[in-house]
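One structure is given below, represented as structure tokens, and several questions about it will come after.
By written order: A, B, C and D. Residues from 1 in each chain.
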Amino acid sequence: MATFQPNDPGYAARVRESFARQHVMRFIGAELVDLQPGYCEIHLPYRPELSQQDGFFHAGIISTIADSAGGYAGYTLMPTDSRVLTVEYKMNLLAPARGERLVARGQVIKNGRTLVIAKADVGAIRDGEETLCATLLETLISLADNAGS
Amino acid sequence: MATFQPNDPGYAARVRESFARQHVMRFIGAELVDLQPGYCEIHLPYRPELSQQDGFFHAGIISTIADSAGGYAGYTLMPTDSRVLTVEYKMNLLAPARGERLVARGQVIKNGRTLVIAKADVGAIRDGEETLCATLLETLISLADNAGS
Amino acid sequence: MATFQPNDPGYAARVRESFARQHVMRFIGAELVDLQPGYCEIHLPYRPELSQQDGFFHAGIISTIADSAGGYAGYTLMPTDSRVLTVEYKMNLLAPARGERLVARGQVIKNGRTLVIAKADVGAIRDGEETLCATLLETLISLADNAGS
Amino acid sequence: MATFQPNDPGYAARVRESFARQHVMRFIGAELVDLQPGYCEIHLPYRPELSQQDGFFHAGIISTIADSAGGYAGYTLMPTDSRVLTVEYKMNLLAPARGERLVARGQVIKNGRTLVIAKADVGAIRDGEETLCATLLETLISLADNAGS
């Protein structure tokens, strides 16, 4: 993977502050575990409330942390006075998301002037062993902080 | 849109029973509001716990109800002893998902032997007026109820 | 579908001039058949040179006209001194693309300031009857004509 | 990346025979350059006939070789008496596809019983230097050779 140089040396505090404002992260119990320029890792312990009809993590919940991992990977590289919005994403489900914990690893693929393309892989940890259960590919847009969308 | 003939005349009870087992629907407060052959409508009232950093519905939450609306639209047409899994989806965010309620309308596009292709449009209702805020396109697979995935 | 008001009253000439510069359209034999604000229709007669291993139109060729139909649907609404680039697309293949002609109908879903979201449906005409064989959902970006990308 | 064990020891001849029947590959001038279990590489020299309005490779042409690279990566792992069809793909364009040659590298991500998920990265070679210009994520289906689709 490419390595990236952040514009904003204070990127980590800026991303963590935004993550803290994503109430949905606290609601489902997700934690921001690692942050590097162009990289973000989010963990999510299993709870029955997050399941679909077979008792596995619901696809929408998987994408909730995958989208945030990719989005915050992109946001590490954006300027101080910016905000990040998701334009679109596509996610393939590769295996049942069964286990005691999900790990979403977001990674920037292309850091463009306006648009950032990121991917996120999601692993399910079951009895300590990790299986790749989903992969997401997404487009993000960087907006000036005071701009409409 | 095409009209579809369900294989299973008891499709509505079967879908509602599966929906009731999606614990995440109750957790976020989503309701199954309408069901027709090849069609499913899910509503979700706003709660701050579902928001991203700007206070709007989080993209992952939007896709949670959109994926379930498309998936259950497909499941209405599947045989009695089947279950439905999402293979993949792609969602475009069209406007900030801001308002007192989301409405996701899932619709089957193609009802194939093994795979079903569905779409879902999501509207945000704000002061009683609806704005299209997301559109999702997805692939579903029908599995025999006792099969592995 | 929403109706759109073009910014540029001369949009049709501008789009046709850009289409004429897409050499690949002439190479595969595609024709621009209809153009409305937010809408573009492209036809492609069958030739064995466009086929995959079973003799049907290759998925890449289907997306070539679908992407151009969606892209030019978007370009009808962009300003005079702009150019259009495809950011990404997703295409589902719904039925074998078998027949004497393909018809791609591109339609704008959301006309944003920077980004335009469009869809395109592709029908295969066989013995005069049309079958929906693919649907595409895409994101376009409008750039100033003299800008880098 | 995972390494894969092919079911069919004669996979290379089977894939090359199918590639030879994709008339579109010869039409645009694409060559099958490398084949490993779960991997396929296709090259495409530049010709003005393959260009969009700015003189770069058209997105549809990029996806034509990317889809075939991913599809044949998957087909290396399928049984002798099978055929492969593309269910859907999503492609992000990362940089203008400008140069004397494109290189598409398809790689299987998940080799399931019925469905195979693959990715393909496409590089543009310009003055001997390669730039990643597109990434594609796709779903393939394996069908018995004599089955309808």
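Here, contacts are C-beta pairs under 8 Å (C-beta built on N, C-alpha and C of every residue); 3 or more make two chains touch, one makes a residue touch a chain.
Since we're looking at a predicted model, the values are computed, not measured.
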* Structure fact -> Between C-D and A-C, more C-beta pairs in contact link C-D
* Structure fact -> By Cα centroid distance, the chain farthest from subunit B is D
* Compare the contact pairs of B-D with each of A-C, A-D or A-B and report the one sharing over half of them by residue number. => A-C
* Distance from subunit D to subunit C - Cα centre to Cα centre, in angstrom -> 22
* Asked: So how far apart, in whole Å, are subunit B and subunit C when each is placed at the average of its C-alpha atoms?
  -> 28
* Would you mind pulling out the distance in Å between where the CA atoms of subunit A average out and where those of subunit C do? => 32
* To do: Check each residue of subunit B and list the ones that touch at least two other chains.
  => 87-88, 90, 92, 95, 117, 139
* To do: Could you pull out which subunit C residues touch subunit B in their complex?
  => 90, 92, 94-95, 109-110, 117, 132, 135, 137, 139
* To do: Mind listing the subunit C positions that touch subunit D in their complex?
  => 18-19, 21-24, 26-27, 48-54, 58-61, 63-68, 83, 85-93, 95-96, 149
* **Contact set on subunit B toward subunit D in their complex** => 87-88, 90, 114-115, 117, 139, 141
